[in-house]
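Here come two complexes built around chain A, the first alongside chain B, the second alongside chain C.
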Partner chain A sequence: MFSYCADPASLDRLHWFACYLTTAKQMMFYQSFLVVIVLMLITAPIALAAGLAGALAGRSHVLPLRWIGWAYANIVRGVPDIAFFLFVPIALDQGIEYLRLKVKCPDWTEPVRQGNDFVVCAAAKMPLNSAPQYVHELYGIALAIAAYTFVFGAFGANVLSGAMRAVPHAQLETAEAYGMTRGQITRRILLPQMWVYALPGLSNLWMILIKATPLLFLLGVEDVVYWARELGGSKTSAYTYAHPDWRLWYFLVLLVFYLLLTRVSEIAFARLSRRLSRGQATAAGMKEARA
Partner chain B sequence: MKKTILSTALLALLASPVLAQDVVRMGTEGAYPPYNFIDDNGQVAGFERDLGDELCKRAALTCEWVTNDWDSIIPNLVSGNYDTIMAGMSITDERKEVIDFTQDYYPPTESIYIAPEDGVDLKTGVIAAQTGTIQAGYVAETGATLLEFATGDETIAAVKNGEADAVFADKDFLLPYTEDGSLKVVGDPVALGGGIGMGLRKSDTALKDKFDAAITAMKEDGSLNTLLVKYFGKDVTQY
Partner chain C sequence: MSLATCLDVVQHYGLRSIGLGDRLLPRNDFTLCDQVVLIGSGMIWNLYFGLLALFFGFFSAISVALARNSHRRLLRKPADWFVFIFRGSPLFIQFFLFYELFTLIPRDGISIALPGLSFTLDGSWLSRAWAGALVTLWLNTTAYAAEIFHGALRSIPKGDLEAADAYGFSGWKKFRRITYPTMLRLAWPAYTNEAIFLFHATTLVYFSSFPARQQKGDALYYASYFAQKTFNPFVPYPILACYFIALTMCVVLVYGLIYRRLNRHLPSNSKRRLRIRPQLVR
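Coming up: the complex of A and B.
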């Protein structure tokens, strides 16, 4: 990075650190913080949408839809997250490759499963072997987002269906008395009012999502935990910047990062809650009205 | 309407363009210096990087390096995330049941114990080793208490902070850690495994033949020995 970094062995402490902390490898560590934040910002709205769909399906008048909504919320919540984090990306990846095989190589005759191997034609690979590395990484992150969405959507569905039940029933009946259809009641009365009841549960979920991001490492995405472990481990003379075991310091940085992240989220949720309470027939809403 | 969107999305997913040249993806752990590690530029480096690049050149293949956790390195090979493993992996019968190996590109290795001081009882003490390695299997058989870790680096940390009495691993991985004098070699070296080879899917026989031919060529013209000496010193066993 700096011109004096050519020979690290000759540097004094301050300059050594200036060089060490700006190597390309360290930069990847700094980037991975962005990866984590971006991942959460993408996952949260998609998971919320999945949760809303699940909750609405659970209230549907169509019986099979209700079953699907119920099964989704209950089965996914009942299985350890980690099982889904391992299952969803592999199942999705192999499913997509199998579909592509059917379309791209119609005359492929070999079996897809040969012993332990999962074999598809080269054109059916997802992403293609010839794709640059960043495409492979983005694909891995997309699979991770799918896994997070699947799991957190189920928890979201449960929180939202609870919130929907908390909306005063009299209001829904009044709407019906005015002649609104079921769809209109859902859109005009139920959805706008349920958020304030859902918020505490959703903020909980968000916190859990933040803390679950180190699971990314398990999915092969090079996230903050991966780099902290890799950079912090003791380095022998095979590396340009040799140093003893510094994992303690690297993990301390992670600790501070996650604490800051949850603190900022808490403040944001407190504001959102105040905003949503306005004009609501709840204790917080009444207080807001008096103030 | 919804159906159209869905099928368009599906089509887009299925119809990405096919590029002519095929790329071989080389999987490695990136945490086992000097065999393979991630250098300060964030690139895979080490003996296996140099050797792998040379093999690809000789076999006229375009290769790309990817890193993967040691724990899941074999499952991700067979499910097709990459095409080869070059990660200091010894050829053993147990692994051969799941994947294929090329001939060895590193002669059968000696494994050693290192510890902070002499006098560690290697038969009854607590010995650290990396999970899923031949060394871990060996320690379990000796009757010593086996302490397993996901990476080689963590085994070193364990013996340094006193959690374990000694580490047991490949000689060439451990020796650099004895340079600063805080750890030293104890006990006798143990010969384990059938050498280090490149792992491939069993169904990938054509690729295996190409790499086998390239390794043979490098053994014959002495260039493999040159690489071995460059990374492991002149005392290394040569072909």
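Coming up: the complex of A and C.
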């Protein structure tokens, strides 16, 4: 990076670190922090939508739909989330390949499960073997996002259905007395009022999402944990920048990063909650009105 | 697959996760019985980590909660920081960090370096999962439970404490008779939730840095082993899910019984049943 970095062995400590911390590999490490944040920003709205769908399904008048909503929210909660992170990507991948097999190779007769293998025709591979490397990586990340969405959608369904139950019943009855249909009540009365009750649960969920992001490492994504292990491991003098095992320090950096992230989120949610309770018939809303 | 051969599998692999029985895992022709037995065998570790961390964590969490409630800055601040650090960072990172920390401990062992093969026989047990991961889980659950107990301590009705003062209770007696039981009653539903999620968190142990020596792992370790070998995730993971749902129901049952005992003085018509409203997921 800097002009004096040509020969690291001859540098004093300060300059050595300046050079070491700006190598291309280190830059990849810094980028992976962005990947984590981008992943959270993509996952959160999709998971919220999935949660809303789950919560509404749980209130539906159609019995099977209610069962699906209930089962989705409860089964995911009863099982460790990491099991779903391992299960969903591979299950989804095989499901997609199976569907593509049915469409692209209709005359394929062999069974897809042969012993310990999952076999589909070449045209049904996802992504195609001929696809460039970045497509494979993007596909992997998309599967990871699907897994996160699946798990956090269920958590969100739990929080939102609790919030829907917390909306004062008189409000809904009044709407009914005005002759609104069920759909109108949901859209105009239930959903707008629910958010203030949902906020504590949602902020908690956001914290859990933050704390679940290092599990990306298990899905084969080159995330912060991957780079911390890669860069922190001891480097012999064969490398340009030789150093002993620094993984402890790298993980300390990750710890501080996550502490900052949760702390900043906490403050932001406290602000948002004050903002949302303005004009609401809750204790916090009354306090706001008096102030 | 008859029952007799399955019992045979139980004999060979029932205690595989703690190193008893067959050394080699099945390599091909995995039967349903193989998978159920081995994943069940792995549950021993999940139970071990969960139960011990909960047991130790209960006492340390109450201490930390009391420290946070103290008037003395010197007690309060470190407890606040402890809870902030352990609740604010991912358990996964904590596992990595503690593993690296524990491996730094000088070990009274022998390093053996043969050409092409080098390994260390170390005496330091903290870098092994059974102790190192347990310590990490213990500290982690201490922080989460301390937050719950701290919240409960703060919401003890003022009247109860004033009544205790009026009766001349003070110090240990006031804590033992008034503060402690009321705190437990208030905290119990949330603490049940914490217990459930602690058991779930035990599955992370063998997926972070702690190595599973001689393939002695927990339930998820074996489930992912089968999923990798058979390339069929639709059998091992549902088995794992069944085990964990059963475990969750046991936790809810046991904690529900304790909750009933905690509330035994209340008139029976106002007895609150423990309802797990999982609004808060850790």
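Brief remarks follow.
Going forward, the second predicted complex is superposed on the first by the 282 of 291 C-alpha atoms of A that agree within 3 Å, B and C clash if a C-alpha of one lies under 4 Å from a C-alpha of the other, contacts with A are read in each partner's own complex, and residues count from 1 in each chain.
The working rule: a contact is a pair of C-beta atoms (placed from the backbone, for glycine too) under 8 Å apart; a residue touches a chain by one contact, two chains touch by 3 or more.
All values derive from a computational prediction rather than experimental measurement.
In the superposition on chain A, A:117 contacts both chain B and chain C. Once the two complexes are laid over each other on the shared chain, residue contacts for A:24 go to chain B alone; chain C is not touched. Of the two partner chains, chain C is the only one touched by A:83; chain B is not. When the shared chain is aligned, no partner comes close enough to touch A:267: not chain B, not chain C. When the shared chain is aligned, chain C comes close enough to touch A:155, but chain B does not. Of the two partner chains, both chain B and chain C are touched by A:247.
Legend: residue contacts after superposition of the two complexes on their common chain; A:214 is shown touching chain C, with no touch to chain B. On chain A, the patch touched by chain B and the patch touched by chain C overlap at residues 90, 94, 115-118, 229, 245, 247. Interface residues of chain A facing chain B in the complex, by the touch rule stated above, are 23-25, 27-28, 90, 93-94, 96-97, 99-100, 103-104, 114-120, 122-123, 125, 127-131, 133, 136, 220, 222, 229-230, 233-234, 236-241, 245, 247.
Residues 75, 77-83, 86-87, 90-91, 94, 113, 115-118, 155, 158-159, 162, 200-201, 204-205, 208, 210-215, 217-218, 225, 228-229, 245, 247-248, 251-252, 254-255, 258-259, 262-263 of chain A touch chain C in their complex.
Of all the residues in chain B, the ones that touch chain A in their complex are 10, 13-16, 18-19, 21-25, 30-31, 33-34, 37-43, 46, 62, 64, 66-69, 72, 76, 78-81, 83, 98-99, 151, 153-154, 156-157, 160, 176-177, 179, 201-203.
Chain contact summary for the complex, chain C toward chain A: residues 28, 84-85, 87-94, 96-97, 100-101, 104, 200-201, 203-204, 207, 220, 223-224, 227, 229-234, 237, 240-241, 244-245, 248, 277-282.
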